[in-house]
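Chain lettering (A, B, C and D) follows the sequence in which the chains are written, and residue indices restart at 1 in each chain.
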Amino acid sequence: MNPVNYLYLAALLFTIGATGVLIRRNAIVLFMCVELMLNACNLAFVTFSRMHGNLDGQIIAFFTMVVAAAEVVVGLAIIVSLFRTRHSASVDDASLMKL
Amino acid sequence: MSFPLLTATAALPALGAVATAAVPAARRTAAKWLALLVSLATLALAVTVLVRFDPDGTRYQLTESHSWIKDFGVRYELGVDGIAVALIALTAVLIPFIILAGWHDADPLETGNRRWRPTQGFFALILAVEAMVIISFEATDVFLFYIFFEAMLIPMYFLIGGFGDRAHEHGEETAATQRSYAAVKFLLYNLVGGLLMLAAVIGLYVVAGNFSLQQIAEARASGSLHMATSTERWLFLGFFFAFAVKAPLWPLHTWLPNAMQESTAPVAVLITAVVDKVGTFAMLRFCLQLFPEASKWATPVILVLALISIVYGALLAVGQRDIKRLVAYASISHFGFIVMGIFAMTSQGQSGATLYMVNHGISTAALMLVAGFLISRRGSRLIADYGGVQKVAPVLAGTFLIGGLATLSLPGLAPFVSEFLVLVGTFTRYPVIGVIATFGIVLAALYVLVLYQRTMTGPVKPEVSAMPDLRVRELVVVAPLIVLLIFLGVYPKPVTDIVNPAVRQTMSDVHKTDPKPEVEAAK
Amino acid sequence: MNATHLAAYTTSTGEAFQFWVLGTIAVIGALCTVFMKKAVHSALCLAGTMIVLAIFYLANGAYFLGIVQVVVYTGAIMMLFLFVVMLVGVTAADSLKETIKGQRWLALLCGVGFGVLLFAGIGNASLKEFNGTGQANANGNVEGLASLIFTKYVFAFEITGALLITAAVGAMVLTHRERTERAKTQRELSEQRVREGKHLPPLPAPGVYARHNAVDIAGLLPDGTPSELTVNKTLRERGQIRDVSTEALNDLRALEQRAEERLERTAIQPETFKRPEEASK
Amino acid sequence: MENLIAPLIAAPLLGAAVLLVGGRRLDRVGHWIGTLLSTASFVFGLILFADLLGKGAEHRTLTQHLWTWIPVGGFQADVTFRLDQLSMTFVLLITGVGSLIHLYSVGYMEHDERRRRFFGYLNLFLAAMLLLVLADNYLLLYVGWEGVGLASYLLIGFWQHKPSAATAAKKAFLVNRVGDMGLSIAIMLMFTTFGSFAFGPVLSHTGDASEGKLTAIGLMLLLAACGKSAQVPLQSWLGDAMEGPTPVSALIHAATMVTAGVYLIVRSGAVFNAAPDAQLAVTVVGAVTLLFGAIVGCAKDDIKKALAGSTMSQIGYMVLAAGLGPIGYVFAIMHLVTHGFFKAGLFLGAGSVMHGMNDEVDMRRYGGLRKYMPVTFITFGLGYLAIIGFPGLSGFFSKDKIIEAAFAKGGTEGWILGGAALLGAAITAFYMTRVMLMTFFGEERWRNQPTRSPGAPSAEPAAETHGEHAEPHPHESPKVMTIPMIVLAVGSVFGGAFFSIGDRFLHWLEPVTGHSEGDSPLSAAAVTGATMVCLVIGVAIAWAQYGRKPVPAVAPRGSLLTRAARRDLLQDDFNHVVLVRGGEHLTRSLVYVDHTLVDGVVNGTAAGFGGLSGRLRRLQNGFARSYAVSMFGGAALLVAATLLMRAV
């Protein structure tokens, strides 16, 4: 088997995550989908690092995780305050930018 | 390196503008006096330019040239020929009167001070406009000219949009909205024109490799710089459109009536007597010099447009119910004459056109400023609201009549000379157009006399019965203008002597000579 | 050692098998994450997917990452998610019904298109032969990473550190609510209640005759109907009220019947007690 | 000696400047200043005249160059004056009659608080008129030409508070402007033809120019003359011009300004001689106008309007004569001068009558005034006899000569023109007799009735001051007014004889205008006889109609012709319908077009952009997810693009 399949898997997961972001309204689920996408990327990176035989890919994946963590922290905080104000976690309710 | 006179002439009002704007809000009167003094000093400098200028000398004199943007060959090049000198003098002469006439136009409103009217700003803006106009008369670098040609719009925009007649028949709110409409319209029209011109300027650079008017003109004359016919025509159109908007030429004229109607009389004078002249001046200096062939190619169309402007403007002036709009349309008609004279390509036509720019500036100033005094007294711009003013304010009526007679170019007053020159110059080459244009003088008489009759004669309307006659300040504004009108009408030689050589140059640029009269041809 | 060896060069049939099995699971997990109605289920599915991914990391020779994936992601981040879900409401299931017109179709279109494109890209890429992380991991994967992080990527590392701090502070700022006014004393609260004229005495306790004392059981009114008031607000909102009134009353009836038999009374026609609404039917 | 020409003009110009700028402080002496300066210029004129007489006939041309006016390329306009016999004649007429009328106005305008300005305007007019006749080139002449137009505008509208006066003034100026258009086009034509527009070059090179050009020039000059001299079709303004004070009517609209057209034609004689078609047009215009004016004159009840009609017709005679070429030039000028005397006299007489009659102008409210104002009666009567051409008086000589010349034109044209002239003579006799009878004879219709019936035309505002009281008390005017009338009467009696005995006037003018005797089909005696017959007929009819039976105080409806004539033969109505209405509609529709079409295009574009952006705004629905979709789609597109790039 050729490790390229990992890449295909990553692509698939990424797409699924992206679609999820588009079709789900619940902010939390939405974030999970984002996480999914990030993980897919990570998988790709790891695979690349294996292919090129150096660790840079893993480093990047590592950083990605850190960033993801930060993002989740802030994002969830936002969700909480959002829920606090409008008693709903639906992103469609936060559509005040509409003209 | 002698004293940079031209730079000084342009820089002084600019500095004056800054200084005026810096005067604290409490010291309003101080700001006014400062502005007036600066403008007078500028006048003095302009007179020095006039004296230092030698009509029979080289084409461009008092030149200054410094490299500015090396990479694009943009230079800070100044220089004046006879035409520019005449127009600089006109500007410098008019501005003090404009400032004096607008002395109280920007005072804070006593009643219901909804809009704060920054007096300092008003006078600073006027001076800024003067500076930009003067430098665009002086610039012999296309890019430099373009910059100030466009920058002029900004202060004008604020002058139009920010300061209207304090009394308005429709109340302050509508006044504000109409004002902003007029200002935006003015800005958009001129910006569109400027945009096309920018494209043309860039195109010119691509073709010629530099922006220097003199170099390009010489190169073209010597044939070392060849332009494809189509290229030349496109570039010409780009330039001409901008100038035609500014001039304004039919059908690009509709911004002028709004602008002049909504702005105060001095600003209206600033627009039509000073700023618009840059357009016609630029036609003469840039269009003809840079693109002689294209100019000749476009002449028929332009002449027809000018003709339409003349008749159309006059007819619409007859149909107006608003004094300022009437004057605006009259100006459109007059600009038609100017453009016609420029593109008739005869020495009479072009000298006449240049003379016309000067005279029209003075006559419109006289008429419009008096009209402004009239409006400020009654608080309405509608002709129908007046009547019998002559009885209660004879001096005002008299000056108004003289201004009107100048507008209808009565012989003995300055505009007649220029108008007749333009007509003759056109007639010698295009008889039909000349004859049709002559109808303009009848229409001019019509709108001026109708205006005078409706406002000044007849039984005295109760609203005007208590109208005071001209005050000293106002007389100081009007009297010199009238004296100028009469003097230039009787003895225009000083101006023609300055202008003629420049016109001869331009004629040689376009390789045109006056047609020979029939009898001499017969001999 | 030879494990790394194995993992690095060849892709053994073992790994292939593992890939196909776990890969399927991962995809299913992902799909469930997207399509589960309840956030909790989504979260759990996602966790599953992540663990699978962790295994793949290991398989790809990224031991450190694999562990981190399990510890940090599945251990920390997903827990964070679960916390929030708990805050927002475990069972608050949002309908998958689409409100924005055409959104779903557009989403699917974009998704599919994007996926196809990615696949095409990967297909085009020339990735036939590869060299594993053998010598990269020669003296330990962690050491390798460390040496890179602290030499080549040190600045990035520091910056991510800063980022994390900022994120933590930001989260605090966002979630922390400054109490602007003084807390109301009990007296004020009661006064307020009086003023608003709503339910002055304390709420009735849940449970029936002390035979049920679970908080989610509504107390019964004298006529046997359950009273919503007795149940905690949150439960009420989630609709998690266990209604035991019927059984309770039936028990009562049976009790009375036995009492009758004991006292040899002529049995009254035994009719099973019905709840009022059933009776009305 | 030629240095005296400039002062000739400068004097009244100075007067105008002083009086108009001087302000109220000059109110008490203003009129005397004006009179003094005009008299001064008359004296200068006399001195120059004496000087000319001292010279030989061919050296009688003085020129004075002051400065170069407009030098542009080949276009050289100088401020140069030229005094020859022709202009000398005019100078004397203008300054002489002008001074007399200044004097008259001192009395006439006594009660007007704006008298100073009135005299300022009068002086301005004198200056402009002198400039007109003394100019050495057509452009300078044009200045004077419009200058007199301005002065006449100011003076007709002198009582500006009366809308009628203001309107009349505007009308006069506008109609004149049409004529001026002709003059300016003529000047342009000259410039393109001769390369100059000074009298010398133009008039001496007419031989080299093509006849077509010359005809065009001639017709344009004719147009100009029509405007200024109130010839058909531009005559409509003269009648309304009577809104002005009577001295103005006498000086400007009878004696001097309206004759400028004749001067122009005679001065440009060389052009016309070389362009027979233009000449023919001139004669036709003259003939038509002399009949037109005469007919109008018959129907008017307003004494001034009747006289205006007569003026029109008399100028028609002059233009006719001028159109006849060398045969007629001299007589045109001669009639012009004599007409200047008697018509001025008649107007002053009319003014004096009105002065005595509380400014009543309706002749039907006069009658039997001869015993109340004898001097006026006698002077007016002499003027009357002069104008109808009573043998021995000035009108007789000048008009008779013109009729002869008309016949002398020869051919059918000659007969037609001569016949028209004769007919005109008859009608002149009729309407003048009518005026005479209605004013000074018959019963006193002004008794026992208010001075003014509401509808009656009012000329003078003084009427409003002492207007509505029961009945006027006719009285003779003060000396200051009667003296000028007497002087003019003397002139109108002996002028003609003085000029014609021994053809003095002919010899005086011949060097400038040239002269040739046409071959008349009729002998001079026959023409004179015919004229006399026409004269008698005209007088007889008038007597029959107004002398024997009393004149109704309210005008009868009259025949169709009469009613048309009362309305200037419907000329005004035509103008009103065709020009005024049409013009109004044109301007109104143009204003609409400008607002909707020209401006609409621009505003439309703006509105279009506004609408478009309004539509685009819908995309911003505020849902983060739909933004995400577009973002994701964009990403997809980018990937696609990269792939394609690599594939290509």
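One rule holds in what follows: a residue touches a chain if its C-beta (ideal position, glycine included) is under 8 Å from a C-beta of that chain, and two chains touch if they have at least 3 such contacts.
Because the structure is a prediction, the values reported are computed rather than measured.
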Starting at chain C, figure out the least number of steps needed to reach chain D through touching chains.
-> 1
Could you tell me which pair, A-C or A-D, is linked by more C-beta pairs in contact?
-> A-C
Determine the centre-to-centre distance between chain B and chain C, using the mean Cα coordinates as centres, and give it in whole Å.
-> 77
Between chain D and chain A, distance of the C-alpha-averaged centres to the nearest whole Å | 97
Starting from the mean Cα coordinates of chain A and chain C, work out the distance between those two points in Å.
-> 17
For the pair chain A and chain B, the C-alpha centroid-to-centroid distance in angstrom is 65
Return the residues of chain D touching two or more other chains; collapse runs of consecutive numbers into ranges.
-> 621, 623, 625, 629, 632
Touching at least 2 other chains, the residues of chain A are 18, 22-23, 25, 92
Could you say which residues in chain C touch two or more other chains, in rising order?
-> 100, 103, 106-107, 110-111, 114, 118
Pairs of chains found to touch, sorted by chain label | A-C, A-D, B-D, C-D
Contacting residues of chain C [partner chain D, same complex] | 100, 103, 106-107, 110-111, 113-114, 117-118, 120-121, 124
Can you check the complex and tell me which residues of chain D touch chain C?
-> 621, 623, 625-626, 629, 632-633, 635-636, 639-640, 643, 646-647
Chain B residues touching chain D - in the complex, by the definition given at the top | 185, 188-189, 251, 253-254, 312, 315-316, 318-320, 346-348, 351-352, 388, 390-391, 398, 405, 410-412, 416-417, 420-421, 423-424, 427-428, 431, 434-435, 438-439, 441-442, 445-446, 449-450, 453, 456-460, 490-493, 496-497, 500, 514-520, 522-523
Of all residues in chain A, those that touch chain C in their complex = 1-9, 11-20, 22-26, 28-29, 31-33, 35-36, 39, 42-43, 46-47, 49-56, 58-59, 61-63, 65-74, 76-81, 83-84, 89-90, 92
Contacting residues of chain D [partner chain A, same complex] = 617, 620-625, 628-629, 632
